[in-house]
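Each of the next two complexes has chain A plus one other chain: chain B in the first, chain C in the second.
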Partner chain A sequence: MATISANPKRKISRFNRFDNPWLNPFLITGVFLIVIILLGAFIGQFTWDSDLALVGNSPLKQPPVGVSHTTLRGTSVGTWEHPLGTDGDGRDMLAVMIVGAPRTLAIGFIAAAAGMGFGILLGFMAGFMGGRVDDVIRIASDTTITIPSILVLIVIQSVIPVNLVGMALLISAFAWPGPTRLIRGQVLSMKESGYVKMARISGASTFDIMFKEMMPNLIPYLAASFIGNMQGSILAAIGLEVLGLGPQRVPTLGKSIYWSVQLSGLSQGLWWWWGFPALILVVIFVGLLLINLGLDEISNPRLRQKVE
Partner chain B sequence: MKLSRLFMALITFALIALAFAQTPRNETVIFDIDGGNVTAPTNFNWMVPGTARNQGMHQAVWEPLFILNYETGEIMPYLGTSFTANESLDVWTLKIRDGVKWADGEAFNADDVVFTLNLLLGDETMTLGGAADMQQWVTDVAKVDDLTVQFNLKAPNPRFQLDYWSVRIWGGIIILPEHVWAGQDPFTFTNYDPAKGWPLGTGAYKLTSASETRFTYERDDNWWGKDVGIPEMGISGLPAPKYLVWEVTGAEENKVQLASQGELDSIMDVTLGGFEAMVANNPNIEAWVDGMPYVWFDPCPRQLSVNNMVAPWDNAEMRWALNDLMDRQQIIDVAYEGTTIPSQTMFVEYGGLLPYINAITGAGMTLGTTADVEKGKALIEKNGYALNSNGFYEKDGKVLSIEIQTHEAFIEKARIAAVLVEQYRKAGIDASTRAVAGATWDENKRFGNYEGVLDWDACGSINEPWNSMNRFTSRFLKPIGEASPGTNNHVRWSGANNDAYSAIVEKIGVLPLGDPSIEGMVVEAYQHLYDDMPFIPITQARKLVPFDTTYWTGWPTQENNYNHPATWWMSTHQIIHNLKPTGN
Partner chain C sequence: MKGITLVYFLRRFGIFLLTVWIAATLIYIIPRMAPGDPISAMVARMTQQAGYIENSDVIIAGWRKRFGLDDPWYLQYGRYLKNLVTFDFGYSLASFPTTVKEIVFRALPWTLGLLSVSTALFFFIGNFLGAMLAWNKTPRIIKGLIPVSMIFTSVPSLLAALMLLYFFAFQLGWFPSLSAYGRGIVPGWTWTFIGSVMWHAILPIMSIVVVTFGFWTLGMRGMMITVEGEDYVTLAKAKGLKPFYSLYRYTIRNAILPQITALALTLGTLVGGQVLVEYIFSYQGMGNAIFTAIRNQDYPVIQGTSYILILTTALAVFIMDMIYPLIDPRISHEGN
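Right after this comes the complex of A and B.
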């Protein structure tokens, strides 16, 4: 702040202090991308037959509309009946996108929410209560963070069949140490602040101090951490799905790529089989990244008050 | 397209880097192997269930006594020269080829055969490979001289040589070197010690390295047959390839990329689309048939095995409902891209079995090509089920469901199961499928820990019906939690129909091959099986087996049909001896 006012020639690149920080361009663009995905899926639920996303409900290997595909047996041309084409097991790719994209986001959301919920509780307890509680939680989170979660998840899911929620909850079992450490650190610095001391003197309960006084101040950090967790969880889920694990019947974007690899979709030139799911995943990840960057700027004013 | 080409090039590069043997490419034959990683690559005790043997060992190192020629129906001598029965078919005499030696120079003789048989006959658990079969038939074995062994059977068996000693399907009993196995615990011995030359075989190759994904072999230039050969099979001298590699290539994408770049000589099985893609890149690739559908029919038809001891599938009407709701044509269209045909019975549709298949279907025992949904639903409703608000059948608050297990490394079966699940769900059964690790899949079958499983366990008969039928007799019935010997009757079919069926099959078993009374007895026995529907035949098992002729020629094809093209079978010895280098 001082450096900005020290030189009147410098100007704030994106916002001045009176702007609404929530109008951050990163955040807006990111939200826009995610909303597009969700909106597309939402509208698709009502305008397209979702059952076409299941095995055998469409002809095999139809190219997208306007595209032709040639094999030793002849040439097939895409039609509006299956605008994004079909895969090698007779799933309509548009229906796969409509069904798969929100499921992919849902895995991320559930896993991040569960991980964050647990992380918030433990982080506050460790930071605020200190002592042995802090020691136990700190050691537990430090230990868990060193476990190669993807390997453990592969082993568990290859033995136990899981549905979408089960997969998300399993991933969340490894998604809590990050938020726990983050919140613990914030709480440790915050609990020495005046308003916390005042609340304590006023006789507020520990619960009230933690969740009514301190928590609101951590919302931007929590939101940024939540989005980061969502990215990590989706990445873990995609990793498992590409290995053929996770929900078997209703398609997800990762599972679509798995089948494409198993049935040589790449070599057969069936680019729409793996290309569209990959494209949607890119959009999701870019969207979440931008949201994360935006929230980061909101929670850390120094980042948004860059100078040219 | 540029991006995808770059991606493909990167994948190819990575795969080639992985696949590249240190051996000269033009002296090496590279075989693909399905079924996932070999989890215990240094365990060569083939008798313990779940232990690998088609990682090259039974194709190149362990030689069979005889090999069945699928094209002529003739049983060809290999380590054995003859196997003859007495008039009553209950004493069989094996003659061993003179001059056969183990790779360490010890003679392969009657002592080894007697030792192996006694080991199997002494297995009280009947879990060692071949033990259940030998204990079903063999009373004892006796050495007549160094090259002659006499098998005394419990009952006449006209198929004794064919069924167990001729690579009728996939493999057979492998004779053990007594001087290695004597004194070892057959359940725990791994048969691996490179310093001692173990695993030991009589074949023209020796194992040089073993890992979970790759096995390499080098030609043994002192092979016993290098001078005398095996004239009956047209084998003379050493085989041409100096090195053999078996590689677990995994997903079809990998297979296609490697084959396209000429880095796989024999590919186990691919989809029609995958085959077309590799041929487009590598025109030297050929298949059994030179044109659509390119395939060879494997003798193990695919089926839905249903656990007959788990409710509600312990009820024959409910199993019949599963059959009626099955649309075999859709499975063929989706999972096989139209390259196979529906099963009409439990049998593979080879010429030798067609008279029996025709007799069964002629007696009215048919399986629909498409589903009869109304009939299937009526059977379910007859058993007290009603559709709930979710569209699934329910009785006493319990939704009608079935979980179909598949082997995680066999995509073909997973695809069949995926189509089947949709068919059942549309009809009101809450069906699901679960891919499990190979060892678990096998164990679940043996111990009955499943509701439904996609497998091929009626596999057995080639040119006569007894072998497949015998697998479902009451002799092999075990309760859930006890291992089914050789996965025979792992569906745990029991009851009056099974008793009647078993009695007839036992009678068939002692009749000479081709006895005119067999056909009628088969129809009579099959009626009991058909009424109970203990498992549900689905399709014939087609295999699209590509071979690359860039470096090696002489692969079996319909034109050059010296035998079938299954390079994961023990008969591969014959194929290897037929290969000739192209000079590339």
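Right after this comes the complex of A and C.
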């Protein structure tokens, strides 16, 4: 004791606010990227006309501001009227981004939240009840995880027309095995730990043990699993939209790519048509990845030490 | 077979059947839980496109009878399962005399070819780099690759495909943009055809490999660091074995085992990504078949192609499960 407190340098560094594992650079950068997208969309709702995201409300195939685009019909130069250009059906790309980006994040959020809900329920059930219940849940999650979910979703959505929430909920049908396996494993190992045994001896109810004793320890893992599910769900949603499925009349990032592929936006060199949606998606995916790496550092303290 | 116990085989085979059954049942049940039935929904969508369809009631009633939709559910479901086992998905609606089976088995080899080459590539590159990163004799330049490969892992293969297609096929014109082989080349075992197929496969394969190998690099690096700390590795070094020999025989061979398990788990996601990449490149595999079917509202083809891909994935996982005990004999006796 005496040796530790006698070292003032050590004491200062312990109270350095950057010692807080939740303030690691990965997490901050990742959250920053996602917040920028949300903020941009939020400000855009008030400062830009979202109706421009609908077909035919703008001129066709205008390049972004400062870019000139030459076709057989002549050269067009981008203006501030449509800063990110317009697509082949007369949608303003900036408006499409403003309308589409939050929807993409919303699908990921809803699907991941629903998947997490099922996962927490099933994971605790499997870990606590054991026996047959555990067997059924474990086998169900092990099998579901290997199914190429997008194919099942394609078949379903080609029959049922869905809206945004419906699409998110269908995707969540494949978002539960991850959290279930994670929680089951953690619950099994925590069940044998001293503090849970202590709580049980002192007469805490199962519910209290689950949510007061175990849950706080699971939060970084759950958060990482949630972000992972968001990535997967957004990917599934984009995949469906790019194939022309999903909500039909609302412009989304995936739909934008779908139209640009269908109406040969790539071969005509209209890079802004697919490029901006792709860019926003890359920012979202990189942001989520960084958040996940940050959460990894919190739940796995060994990573915090610099490896030689 | 050596290394595989009967219990292990039966358990894995059961899981294989269960996977296919769950997927097939989901495909079957969820569309039927929605209000209406597939046929009314299809007619409704046709109405939406064409404006008005004469005698739509008669059409619906006729098709309902044709598909036996008025039978009790267990008869319908039984018939559905039987058709899946015999690969009988009926006829394509869009190109009528063609059966779904023909369409599926014409497209499947292309998808399997692309998938196996890209899987082999990213698995090898990823694990090789991961092993190199954890080895203390690796030059610093290669170690600098970690952050680069990490950024790539977050990009979906679909977006990588779009970018590669745009820059290398349309802007630079280095690679072809469409199809799986050149126009006017007769398929057969000729060098022109094989060369053309390989030439057309480069971009689709690259778009999967570029965004996937980083995941395996990171996983392998983590496993290598864990295994490096084991006593038997220390002993191998203490014995004075050559560094590369101990790296390969003692560290890599043990570190790669969880990577193989992980490959089986991510195969489903991989197949999904592959379908989208094929669609972007108009490669004549399953991805394109599915997309054409979606555009033509060709429900039997959508169902048949998806089912066969799910079956193939489950089969691949099963085969990997069977190979795994040969690599790691402990696994077959686990849990007994």
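Here is the rule we use: the second predicted complex is superposed on the first by the 288 of 308 C-alpha atoms of A that agree within 3 Å, B and C clash if a C-alpha of one lies under 4 Å from a C-alpha of the other, contacts with A are read in each partner's own complex, and residues count from 1 in each chain.
One rule holds in what follows: contacts are C-beta pairs under 8 Å (C-beta built on N, C-alpha and C of every residue); 3 or more make two chains touch, one makes a residue touch a chain.
Everything quoted here is computed from the prediction, not taken from an experiment.
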{"item": "Chain A as common anchor, with chain B and chain C clashing or fitting", "value": "clash"}
{"item": "Which of chain B and chain C A:Ile257 touches, first, second, both or neither", "value": "second"}
{"item": "Which of chain B and chain C A:Gly239 touches, first, second, both or neither", "value": "second"}
{"item": "Chain B versus chain C as contact partner of A:Ser267, first or second or both or neither", "value": "both"}
{"item": "If touched residues of chain A are counted for chain B and for chain C, the larger one", "value": "C"}
{"item": "Touched partner set for A:Ile156, first chain B, second chain C, both or neither", "value": "second"}
{"item": "First (chain B), second (chain C), both or neither touched by A:Val55", "value": "first"}
{"item": "Which of chain B and chain C A:Ile139 touches, first, second, both or neither", "value": "second"}
{"item": "Stretch in clash, chain B with chain C, out of 200-208, 398-406 or 524-532", "value": "398-406"}
{"item": "Doubly contacted chain A residues - partners chain C and chain B", "value": "158-159, 161, 244, 261, 266-267, 269, 271, 275"}
{"item": "Residue ranges of chain B in contact with chain A within the complex", "value": "1, 4, 7-8, 11, 251-253, 255-257, 260, 270-271, 273-274, 276-281, 292, 330, 333-335, 337, 403, 408, 411, 415, 418-419, 421-422, 432-437, 440"}
{"item": "In the complex with chain B, residue positions of chain A that touch it", "value": "54-57, 60-61, 71-73, 88-90, 158-159, 161, 244, 248-249, 260-271, 275"}
{"item": "In the complex, chain C residues that touch chain A", "value": "15, 18-19, 22-23, 26-27, 30-31, 34, 38, 41-42, 45, 150-151, 153-156, 158-159, 162-163, 165-166, 170-171, 177, 225, 264-265, 267-269, 271-273, 275-276, 279-280, 290-291, 293-295, 297, 299, 302-303, 306, 309-310, 313-314, 317"}
{"item": "In the complex with chain C, residue positions of chain A that touch it", "value": "139-140, 142-152, 154-156, 158-161, 170, 173, 231-232, 235-236, 238-239, 242-245, 257, 261, 266-267, 269, 271, 274-275, 278, 281-282, 285-286, 288-289, 293, 307"}
